[in-house]
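Notes follow the structure.
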Amino acid sequence: MSHNSFGHLFRVTTWGESHGPALGCIIDGCPPGIQFTEAEIQTYLDKRKPGQSKYTTQRREPDQVRVLSGVLTSEDGVMTTTGTPISMMIENVDQRSKDYGEIARQYRPGHADYAYDVKYGLRDYRGGGRSSARETAARVAAGAIARKVVPGLTVRAALVGMGIHKIDRSRWDWAEVDNNPFFTPDAGSVELFAEYLDGIRKSGSSIGAVIEVVVEGVPAGIGAPLYAKLDQDIASHLMSIPAVKGVEIGNGFEAATLTGEQNADEMRIDADGNPVFLSNNAGGILGGIATGAPIVARFAVKPTSSILTTRRSIDVDKNEVDVMTKGRHDPCVGIRAVPIGEAMLACAIADHYLRHRGQTGRV
Amino acid sequence: MSHNSFGHLFRVTTWGESHGPALGCIIDGCPPGIQFTEAEIQTYLDKRKPGQSKYTTQRREPDQVRVLSGVLTSEDGVMTTTGTPISMMIENVDQRSKDYGEIARQYRPGHADYAYDVKYGLRDYRGGGRSSARETAARVAAGAIARKVVPGLTVRAALVGMGIHKIDRSRWDWAEVDNNPFFTPDAGSVELFAEYLDGIRKSGSSIGAVIEVVVEGVPAGIGAPLYAKLDQDIASHLMSIPAVKGVEIGNGFEAATLTGEQNADEMRIDADGNPVFLSNNAGGILGGIATGAPIVARFAVKPTSSILTTRRSIDVDKNEVDVMTKGRHDPCVGIRAVPIGEAMLACAIADHYLRHRGQTGRV
Amino acid sequence: MSHNSFGHLFRVTTWGESHGPALGCIIDGCPPGIQFTEAEIQTYLDKRKPGQSKYTTQRREPDQVRVLSGVLTSEDGVMTTTGTPISMMIENVDQRSKDYGEIARQYRPGHADYAYDVKYGLRDYRGGGRSSARETAARVAAGAIARKVVPGLTVRAALVGMGIHKIDRSRWDWAEVDNNPFFTPDAGSVELFAEYLDGIRKSGSSIGAVIEVVVEGVPAGIGAPLYAKLDQDIASHLMSIPAVKGVEIGNGFEAATLTGEQNADEMRIDADGNPVFLSNNAGGILGGIATGAPIVARFAVKPTSSILTTRRSIDVDKNEVDVMTKGRHDPCVGIRAVPIGEAMLACAIADHYLRHRGQTGRV
Amino acid sequence: MSHNSFGHLFRVTTWGESHGPALGCIIDGCPPGIQFTEAEIQTYLDKRKPGQSKYTTQRREPDQVRVLSGVLTSEDGVMTTTGTPISMMIENVDQRSKDYGEIARQYRPGHADYAYDVKYGLRDYRGGGRSSARETAARVAAGAIARKVVPGLTVRAALVGMGIHKIDRSRWDWAEVDNNPFFTPDAGSVELFAEYLDGIRKSGSSIGAVIEVVVEGVPAGIGAPLYAKLDQDIASHLMSIPAVKGVEIGNGFEAATLTGEQNADEMRIDADGNPVFLSNNAGGILGGIATGAPIVARFAVKPTSSILTTRRSIDVDKNEVDVMTKGRHDPCVGIRAVPIGEAMLACAIADHYLRHRGQTGRV
């Protein structure tokens, strides 16, 4: 049991607060012989990094990762995992010094301030402490290695909705995702999102978003029937991301509105003699087990709780107060959740791949 | 790590297949001194039991639970937990003998048949084996005890949507839930659901549903910030129920469409001097920790995969075949998921209550 | 986390008390495709069964195991595991009805009575409840299946010391173990042990013993360097057996008296070109990892706490009392610990085998 | 499941190799509100530190710990735990650069070199990599905090035997332990040990040792009956220390030679009306549960495997070679195991204390 770990055979434990000296993670159970460079990890971290556009917080963090253990490093910097724990650390740099007087005493609506105090009797109020989005840098670093555990795996995510606007799925183009600050796969939506979010940002407000993660190359058979279901662990992994309020697999909540005929994914044998599904309502998972079809998961991110509008709240002495959350914030935290969603899926699948190999010897 | 357990300090492990001699569960870690009777457990099992109305499968199972360990039993049948593992068993009675020839060789669309064979190389094809809805009887038995772990806890669920029809939430009345075969809290929806489901049933089709679970009396402070988030474990627990494709907390996916102002739950001090939330968009959880507000979770159940319409599929020898699933089935498995959802929430909360008490000593 | 489970990928959870209706276990994570019969399991259970000789308790239990789930059974009773949880149950038959008045209120020295009351506030005092040696029947059943997980594994144990007497290791003959009621591999020690234990039994006393377990065919590479060390898990598994007070691997405590030169196991290449150790002080494990040499572990079992001599104790109301433990008891519980030790080693090795296969893909 | 963690509610994960940039640990689940300073942790680290006398390796490591997360730090350096993960790091400084050519290719007898290569297919051969005694610094840091989790706990260890020499227990004086380089509690043994170990050191040999750990102030009731036995977890924790080959509780292996009358710990009521044991053969644990008597555990440490005498071995290409392990080594690693044993016991007890509080609410 652990409060700060996820996964079992590929097990990630994260640590660190927003305004401490550093944050990081340990990967325990990574197979030996996997090769990577710090630069590769960095490309994923850079995608999540704050300050990339006017739509993300202006905090300036280099988010430079340092691998402290678990690898043999060649002269040209290629790291090979040895099977022992991989410790990665990212130093916090831009911890703007300020007076936390009010935040230390007042509970910001939508934040975990009140909940922490009730639970622990004290909290690290600087920048959200452990609940800061900064913690997710550690996940992204872990995800960069997880991707390499399963041969031939492709993990990609995209923003598919922001506030009341959804993308046009008929225009989906993975190549577009990295061409715009919103990670939308629909080039036609970029201008709309830009205008929409500009308005929200300027008014000091915020907005929610929906992200979709698609994983291709998942070996059929990983997962398990009941309490180690692959979809269950995906749900758990995605719900662990701060601000996530909903998770669905395949056609998700829409499945509740369908008939059995509409929902069934029929099967045929393809030209190569392999089983193939004619649709993917199931999102690649049946009975908790991967079928070989692409895994499709979506998650809903609530609007950033920090807004410039005054809200009613209370303080630590149970006085009623009005709170306005100043400071640097993302108007739509959902955007930066895109690489985080990828990382969490990569970790979930790496873990289940090793578990399946362990129990069945089948890969 | 376990494939068939959930929870940590209140840990439930289930076993058994649809057509084996029995099924059951072990509760490990239940606090000592909790009192119950087998009759109490039975009331929850009866709610989930098949054959209660024409809208659920006509398989006839008494679903009679027997407690085999972990209790001291008084002369009048009151059982007191001793802190040791509680083993409960339910015998399977109505295992209609039949020829499984076709089902043994053909993969039913929407079922886990194909996935099991890919994973394990063999499977128990009788009645869905481990993936049968019968397994959920063990969860309901565990949930009946879990409810008693947290003093003052109330766990209730209701069906809030079936196919394209949703209930009118303004007519919500908990007292109605047990007055109709659909577990809807909206008396005004009963006739509509009856007519709708009759049509579906008669045509040999099936339909999905959405269930909402509400838990009151949850002690503020249970849960944890990141990878033992209460919402994360709720998502995991609900997604472990067969046929569930989506889970949300509070306003869930709708949160993605809201602004920070709309989504924030403001706080005040009530007449008794206690903190109170003026709304509950968060569904009772902030930063993974219970706030004391009611916990609200919803989950989407896909339509029963067994339908009388022929669908295209393949068999174990990779021949293309047409499959029609005869036999006794629920036209809307979502209905019987209502008591299961309650049980899973009760278990999740019991577990987090004990974990919180362990780490912090605060209750 | 669990209080009543051991293992991770091959995970066993036991339940049941001495005087309840039944006891049993669940094996979760057993690989699919393993074949066995109930009769095979029974041979191991029979070895552990009470009432086999005058040297073990005269309680009469058939200890008949019933497999309730997780297998496909052929017409001639051959069971094949499906990868789902295997539930096994053994009914208690000979629960001699008696007046527990005194035992319910008095703490028997050396027993866990006092500890249970302090921990839980109540206890099942009938026959030792959960701490009864009867629980170990479930382990033996699990061990019977565990043996089959690792191809070519041989797990054997023997009693090597009883009280002040040790066997003569130069006369070690595995074939002797099942020829005498003490499980000694030294035929020359049988008469001595018989006479010694007769005296102890007749005087209402009891005596301790040392058991050695040897496992051959352990694949080199299983285990892990630090907190999943194979020797660590063996120590944990053996120490979980009731009445065990010490565990050692290889030359164990004697290693503390040796020099580096004496203790080192040198290596050569054998005629087939394979690495071979010239001695086995390490007991087959280096750095927590199996080397391929036989694994050798020993454990010390304390004398049965139930004796006919009156001892000073207290009761539940903190009165000072004199206690004499009547009833049926083993004068040397160490004897029946022999098959239990085998079972625990088999389970530990099966678990590590699956873990190693999972992480490294090497077998 | 984890390969590099121990404990459940008080969970420690360590990382780092002997010759990497740093090593460290994460404590997950530490209760909030516990206060300490880095200087306090340092006192324990200093006790374990190499280079303290001529009897320990001459590697010079400051072993300076840095707390990176999980605390609020006051202006005068007092740290208060917040309940979030505590990350601690110790940088490696004295990594003497050298040619690892031979060690990289040859398997040193008694070391884990061969086992690592068999398991992982590669290894970090520099200074023993993950299996280096340096890893234990992380444990000692964790133990320093664990000691504070249970109010009133005293954890002390001492060396009670070295090679063929044992201390005279009648001269036991805890105050002596820190007065000599051997951590013996028997002042009368210091000269003997000094002379003995000098001879061993000068001849390039090494010797084993036995360490005893005594814990006072353990709350009665912590632990659990079967697979979460306190003695089982102590055995596991101690066996996880590199070079440990045996573990015993209370009178341990001697118990195997005793009768039930000799072994029973009788009870009386003391002058204050509290239960008291008249002896402590059980070492403070009955049925896996702490009785309130002092917990007594011993462990055997094998002689350092690195010796200056040439031993026969093989290399990675299966050539037969002769190996002599040069470099800086402890002639008796058992000495430095004394503070490590304390740390492991402190962690085990902290973990069980939280688990007991969680399940039962009793403290």
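Chains: A, B, C and D, in written order; residue numbering restarts at 1 for each.
Here is the rule we go by: a residue touches a chain if its C-beta (ideal position, glycine included) is under 8 Å from a C-beta of that chain, and two chains touch if they have at least 3 such contacts.
The chain lineup, named per UniProt: A, B, C, D = Chorismate synthase.
Predicted model only: the values in this text are computed from it and were never measured.
Colleague: Since chain B (Chorismate synthase) and chain D (Chorismate synthase) are copies that touch, is their contact same (over half of the numbers shared) or different (under half)?
Modeller: Answer same: the two copies use largely identical residue numbers here.
Colleague: Select, from A-D and C-D, the pair of chains that is joined by more C-beta pairs in contact.
Modeller: Here the pair linked by more C-beta pairs in contact is C-D.
Colleague: Averaging each chain's C-alpha atoms to get its centre, pick out the one most distant from chain B (Chorismate synthase).
Modeller: D
Colleague: Just curious, how far off is chain D (Chorismate synthase) from chain B (Chorismate synthase) if you go by their C-alpha centres, in Å?
Modeller: Centres of chain B (Chorismate synthase) and chain D (Chorismate synthase) (C-alpha means) sit 45 Å apart.
Colleague: For chain A (Chorismate synthase) versus chain D (Chorismate synthase), what separation do you get between their C-alpha means, in angstrom?
Modeller: That pair's centroid distance is 38 Å.
Colleague: Round to the nearest whole Å and give the separation of the Cα centres of chain C (Chorismate synthase) and chain D (Chorismate synthase).
Modeller: For chain C (Chorismate synthase) versus chain D (Chorismate synthase), the centre distance works out to 27 Å.
Colleague: Provide the list of chain B (Chorismate synthase) residues touching at least two other chains, using ranges where the numbers run on.
Modeller: Touching at least two other chains: 1-5, 8-9, 14, 29, 32, 83-84, 119-121, 130, 225, 355, 359-360.
Colleague: Name, in rising order, each residue of chain C (Chorismate synthase) that touches chain D (Chorismate synthase) in their complex.
Modeller: 1-6, 8-9, 14, 107, 109-112, 114-116, 118-121, 130-131, 135, 161-164, 200, 205-210, 220-229, 231-236, 238-240, 242, 245-269, 273, 275, 278, 281-283, 285-292, 300-307, 309, 311-314, 318-320, 334, 355-356, 359-360, 362
Colleague: Write out the stretch or stretches of chain B (Chorismate synthase) touching chain C (Chorismate synthase) in their complex.
Modeller: Per the stated touch rule, the residues are 1-5, 8-9, 11, 13-17, 20-24, 26, 28-29, 32-33, 66, 68-70, 72, 80, 82-87, 89, 119-124, 129-130.
Colleague: Tell me, which parts of chain A (Chorismate synthase) touch chain C (Chorismate synthase) in their complex?
Modeller: It comes out as residues 1, 8-9, 29, 31-32, 83-84, 225, 354-355, 357-361, 363.
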